[in-house]
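To start, the structure itself, in structure tokens.
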Amino acid sequence: MTALTTSDLTEIYTDLHRHPELAYAEHRTAGIVAERLRGWGFDVHEGVGGTGVVGVLGNGEGPRVLLRADMDGLPVTEATGLPYASTDTATTPDGVESGTMHACGHDVHVTCLLGAASRLAAAPETWSGTLIALFQPAEEVGSGARTMLADGLYDRIGGAPDVVLGQHVMPLPVGVVNLTAGPAMAAADSLRVTLHGRGGHGSSPEATVDPVVMAAATVMRLQGVVAREVGANEGAVVTVGALRSGTQANIIPASAELLVNVRTFDASVRERVLGAIRRIVEAESAASGAPAAPEIESIASFSAMANDPEASERTRAVLARVLEEQRGTIESAGGVPAVISLPPAAGSEDVGELATAVGVPLVYWNLGGWDPQAFAGFDLAHASGMGDLPAGVAPNHSPFFAPVPEPTLELGAELLVEAAVDRLR
Amino acid sequence: MTALTTSDLTEIYTDLHRHPELAYAEHRTAGIVAERLRGWGFDVHEGVGGTGVVGVLGNGEGPRVLLRADMDGLPVTEATGLPYASTDTATTPDGVESGTMHACGHDVHVTCLLGAASRLAAAPETWSGTLIALFQPAEEVGSGARTMLADGLYDRIGGAPDVVLGQHVMPLPVGVVNLTAGPAMAAADSLRVTLHGRGGHGSSPEATVDPVVMAAATVMRLQGVVAREVGANEGAVVTVGALRSGTQANIIPASAELLVNVRTFDASVRERVLGAIRRIVEAESAASGAPAAPEIESIASFSAMANDPEASERTRAVLARVLEEQRGTIESAGGVPAVISLPPAAGSEDVGELATAVGVPLVYWNLGGWDPQAFAGFDLAHASGMGDLPAGVAPNHSPFFAPVPEPTLELGAELLVEAAVDRLR
Amino acid sequence: MTALTTSDLTEIYTDLHRHPELAYAEHRTAGIVAERLRGWGFDVHEGVGGTGVVGVLGNGEGPRVLLRADMDGLPVTEATGLPYASTDTATTPDGVESGTMHACGHDVHVTCLLGAASRLAAAPETWSGTLIALFQPAEEVGSGARTMLADGLYDRIGGAPDVVLGQHVMPLPVGVVNLTAGPAMAAADSLRVTLHGRGGHGSSPEATVDPVVMAAATVMRLQGVVAREVGANEGAVVTVGALRSGTQANIIPASAELLVNVRTFDASVRERVLGAIRRIVEAESAASGAPAAPEIESIASFSAMANDPEASERTRAVLARVLEEQRGTIESAGGVPAVISLPPAAGSEDVGELATAVGVPLVYWNLGGWDPQAFAGFDLAHASGMGDLPAGVAPNHSPFFAPVPEPTLELGAELLVEAAVDRLR
Amino acid sequence: MTALTTSDLTEIYTDLHRHPELAYAEHRTAGIVAERLRGWGFDVHEGVGGTGVVGVLGNGEGPRVLLRADMDGLPVTEATGLPYASTDTATTPDGVESGTMHACGHDVHVTCLLGAASRLAAAPETWSGTLIALFQPAEEVGSGARTMLADGLYDRIGGAPDVVLGQHVMPLPVGVVNLTAGPAMAAADSLRVTLHGRGGHGSSPEATVDPVVMAAATVMRLQGVVAREVGANEGAVVTVGALRSGTQANIIPASAELLVNVRTFDASVRERVLGAIRRIVEAESAASGAPAAPEIESIASFSAMANDPEASERTRAVLARVLEEQRGTIESAGGVPAVISLPPAAGSEDVGELATAVGVPLVYWNLGGWDPQAFAGFDLAHASGMGDLPAGVAPNHSPFFAPVPEPTLELGAELLVEAAVDRLR
């Protein structure tokens, strides 16, 4: 059995990148993963929570360490111009035809975890215990981890792990990792809001209730939630990620749909913000004289994510050692520490549920994957998640999101190997 | 050769109603029309302006009279619940999958003109001259008449007509016709506005330029065009018929698209309104700090429509005679005159271009097609086009638009026959 | 007794112009009027409806003809730069300190009526009957006529008139008069809207309910009333003439006040518009989570104004005759008719109530008072009231409103004289 | 010489509370202060920076300790219903007549500092050095400290202090003090924005450029600055504290004025926010087709405020000791620590400039002044400045702001005494 080489990783990655699959539709990806794991001797569980795949490799006595990668892509039309850019399309659950793209780097995560799994399988003398390589569906909609758990995940694989480890690629220089101990990522709620007007001819608005104006007024009013109802120190985000109404210039449509995303760090702020959204949506329908009340449906809900402080400290030391050993090779910006600790980010992740469901520690870090030159002169302390970035560096979910495959993949695989081995004796 | 009976008309109508076809895609409809016309001895010209069909029937010396019907349906998902409701779908030129519906009654127009053509063909002894039955594509996008003309319409059929006649079904009681001499319908312009933001992750709006907020602010500001920049006596309508941006709650999209429809009665007001729209669209992009200027593209443009006053007077007398003869049968609301004259309507029509292109008179009337009971106690003087309507009567372009086939179709066919015969000696 | 000369008129006018007085505070103006009327032998009634003045001059048998002028100025700070510009200030009923200005030309009206009164008094041989020179307060707030009537106007002066005549200066060339028979001016309603928030420190909006945002959202939403709820042929205006909230940048105030003005031509449209305003105001308060419901108070209400068609025809002939006789002198634009007939205007007037209260005819015309050169090349058919105007011509209520005293005053006086004499045998 | 008793403090306080004076108009307050200080033997400097008063009391060798109170009230109409509520009024620099109120507790600060000055003067045996009791004008507009410095403050009083101490009353339980070491309060910028439209008659908006709509659209768009252009972890506040346009319902005014307040914690965020405000204001004028560009004027600018960490630690120990000694008396909520440390607040203060101008340490704390019962069950960790508060507790700047005089005043005076003595040997 031979471990994946750096060039194998690049090959797997570009193939995955060309063919992103939306949440719960990761059939091709899951098939590739399962076949590889089987080839390395893993006991493979497929179809866990729909399209999830878990490979288990026992290697004597010792702890059970779960390494996690997420597999799903996004309904974003790629605009990177990369030779391996995706040209695939798919229909979203909302019925919209869209290009698909690994605009959040889950292809990096899958590739790195395959690399780590192959290398651990090929070097059983370096560790002892049970390695669990978990490939999760549907992280983007916040429910993949929960669905795997509800589908009997830990019963199927012979019990819970002792620790959950994982990583997410992010706009940081290659050779830099961010690990935030304690609360690290926000709670996220996604809502589908349907506003009801009364359709008619574009020339006679007086015979209609215009849902486009109703929706626009609602969007404008929703800006006031963060601007007026959340304190400067509380922090929250309310994004209307989609607004869709109508098909033709001269027809006033009958309804409008908003998709709203909410990020909060505190449970009471979350309640306040969700209440304000409901209040505004209902009042703006009333302001238009809507013939029917609006509907607000929860379509995704992430818990806030926290890294275990003690376990984070332990893993931080491992990551720092690996990165410093590689510093020469990767030509990272000299002055930046190998492992930084950014403030909690407004992004969200459901990886934490794999740990909290069984009360074990989580350690989840951000893997730098961009050319360090792009960050020259940039104050990383301001790189709060995906916000303020140097020119030319696109954030996660952008159609221009483009980590550099090398040496990101190699480094990501090695970090997983070493973080796992640290736990596996 | 036998003329179509009332039940033939109903059969043709319900079939057409089940299968609406969008502008320039009226292949099935055109095929049915062409086959019927050929069966009655018309010289048939197909593919005029794409899918247009013209039947010409010579019958001795005399004037050339053009009767016009339009064939296209709309991207509206039918909600009438009628047994013959459409369940067809199609993709709009903007790439949106939508139900399709004859929500503007063009199926009534096609059916009535087929009825009139068959009856005139079957009774050549009642008239002399040349009958031109013209079935036009793409009225809804404002360009079908122009496209037929540009495609050599009058050369192909041996010359221009002496008069253009036609009708449009409208929410008025069966047995009532509206004929407005002089200016009768508004100019209409449709615009596609593309707003450019910068996409990114829903949790980090500060790294993006949010096109949803940009679009919403633009829609709100556009309300001020009619409310603040058009005088109370000038009259104009600015409708944002569609707003589309984004696919997912947690992704801030990179752009937004608005489809805007403008109705005006006066050339200087039209210029002022179009200028204000451009000014607002550009300024709202600037307010958002957009990375690229917005694009504004004209996607349809109807001229204002005017009936020839003298010709209208002549046809009015014919229509009134026919309707009054039928009053017993059709049980129309007693007190309403058979032919009314509403003020100019904000709706638009391209039929006028068939006449103005060759400098001949146009007479175009509105055909009542609703149960008179629905209008009991309703002041028709307020039935300004498609505006203020009695409860339960849906306007043109509504998913609930539903004229009653009988006796509307029969009456519509007879009005065309008599208006034509009046001209054909 | 000597009639006022042209230069007397200019002197009176410039004095009145310098000292405008707000509605019901026209004490100085009323004093000047009363003293003059007494000097010419009129029986003078002061304090009618607060500050109203009526002079009655009997001269044998014959009809009773009422000539009406309004006296109040506006809370506008004059910006004309005229040598006789007002520098006066006053406190409005809403407690705002403001400059005052005759920005609606009531000083012209008072001067012309004084001129006519003096000339008729000086030439009793030219007429027979009773002349009533009525100087009304508070036209701008819509209630002056009603208040005089309620204060026993016609009882005090010995009975109702047989006809009510009057004029309003307007941006038309000197030498041109507009007289619209039938419905001529809109109904007007003014509302005071008080929105309740919860005040607090500017740095902690989350502890407040911000009334500034509530008011702004309400204003934006109100644009949709005319833009979406009134048909293109119905015509209406909704103006928020004042918005006031807060005193300081770093304090979030507790409330906001809007003053809203509504113009409509049709009773059902008026009901619809007022209902929409109420609906929007209440919903926007709800959208903000207001701690108390908003208050909406009617502060002025004008009926629509209509000229008696028959009486208008009669007076039109008189006005045309006078104007054409003067054409040489006044150098008006050659091609323009002396008396035009514009479509009904969105402006409002309460003069009609003096006539409708006793069922007698009203004839009320607009007096041109601008240099004809300013209108060179301008299409007067578009001069709909105070809307579209040539560059450099400011509309009524503008701080730049500036009719030319000569020959406007002379002509205005003569038109009143001749229109009255026509009635007085 | 006798020190002020508790009942003296209450008497002074209720008098000051009844007569608040706006920034730079604190003549009566300054007079009272100067007279008292003179009575206790202080060397008194009046008119420093306009209305500022400084009392200097030398008492042998030792450090120079500056105790600071601010004197100005606010243009808020008091609504507390207290027997000693203010009924005074004043005209703001923007010409608005308003009630005045000590809605920020500066009357508490003046009273406590008078109490401390009298007690230190009466007990010279307890300390050695120089006591500087500084009463500053115009804290609310952010410039009082700067104006005193520019007016030669430290030259006049014989040199700079060694430390600056002070306190601000805040909605916390009596017996609780907040002292945040390091960055403690936000930078604050206040702007006056003047928007230019074109005025005219309310019935003819098409002849005007409506500044009310322009202002409303600007306010709505400004909500997007914090909601879309500031990250969840960056924290900023943009408040439009006043919007004023127009005087009358039926006149469209010519301009509108906004007073905007901005709070930021980071210099780069401040630049970004101020830039976004400018961009939006300019674009919204352009969207309206404004005849002149808007004006943006800075009317106040506070630096961020930071407490010296080492000096804070020293003073914290003193405050805690005093408070714990008083705990029995003041019946504070048992479980709450005497000195808490809230996160940096969005409020602003110019006290820091008195220290930074001469490079000496600042220690500035928040004094609880509310009935502890009102805070029962309330999590003080959420009492971030003036934000989330228990029901019935009004924040600073509210018309309901009402600290309890006893024992707040007594405690506030004692804390100043002990903090000073700690420094004065």
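Labels for the chains are A, B, C and D, by order of writing; each one numbers its residues from 1.
Here is the rule we use: contacts are C-beta pairs under 8 Å (C-beta built on N, C-alpha and C of every residue); 3 or more make two chains touch, one makes a residue touch a chain.
In UniProt terms the chains read A, B, C, D = Hippurate hydrolase.
Keep in mind it's a predicted model, so treat the numbers as computed, not measured.
In this assembly, the chain whose C-alpha centre lies farthest from chain D is B. Remark: among chain pairs B-D and C-D, C-D carries the greater number of C-beta contacts. Over half of the residue numbers found at the chain A and chain B interface occur in both copies, marking it as a same-residue contact.
Mean C-alpha positions place chain B and chain D at a centre distance of 65 Å. Chain centres here are Cα means. That of chain C falls 48 Å from that of chain D.
Residue numbers of chain A whose C-beta contacts span two or more other chains: 186, 203-206, 208, 210, 213, 217, 220, 223-224, 227-228, 231-232, 234, 237, 263, 345-346, 385, 387-388.
The touching residues of chain C, when paired with chain D in their complex, are 74-76, 79, 92, 94-98, 103, 140, 186, 188, 190-192, 198-208, 210, 212-213, 215-220, 223, 237, 239-254, 256, 259-261, 263, 299-300, 345-348, 385-389, 394-399. The touching residues of chain C, when paired with chain B in their complex, are 186, 220, 222-228, 231-238, 263, 265, 268, 343-346, 382, 384-385, 387-388.
Those residues of chain B lying in contact with chain D across their complex are 203-206, 208, 210, 213, 217, 220-221, 224, 227-232, 234, 276, 279-280, 282-284, 286-289.
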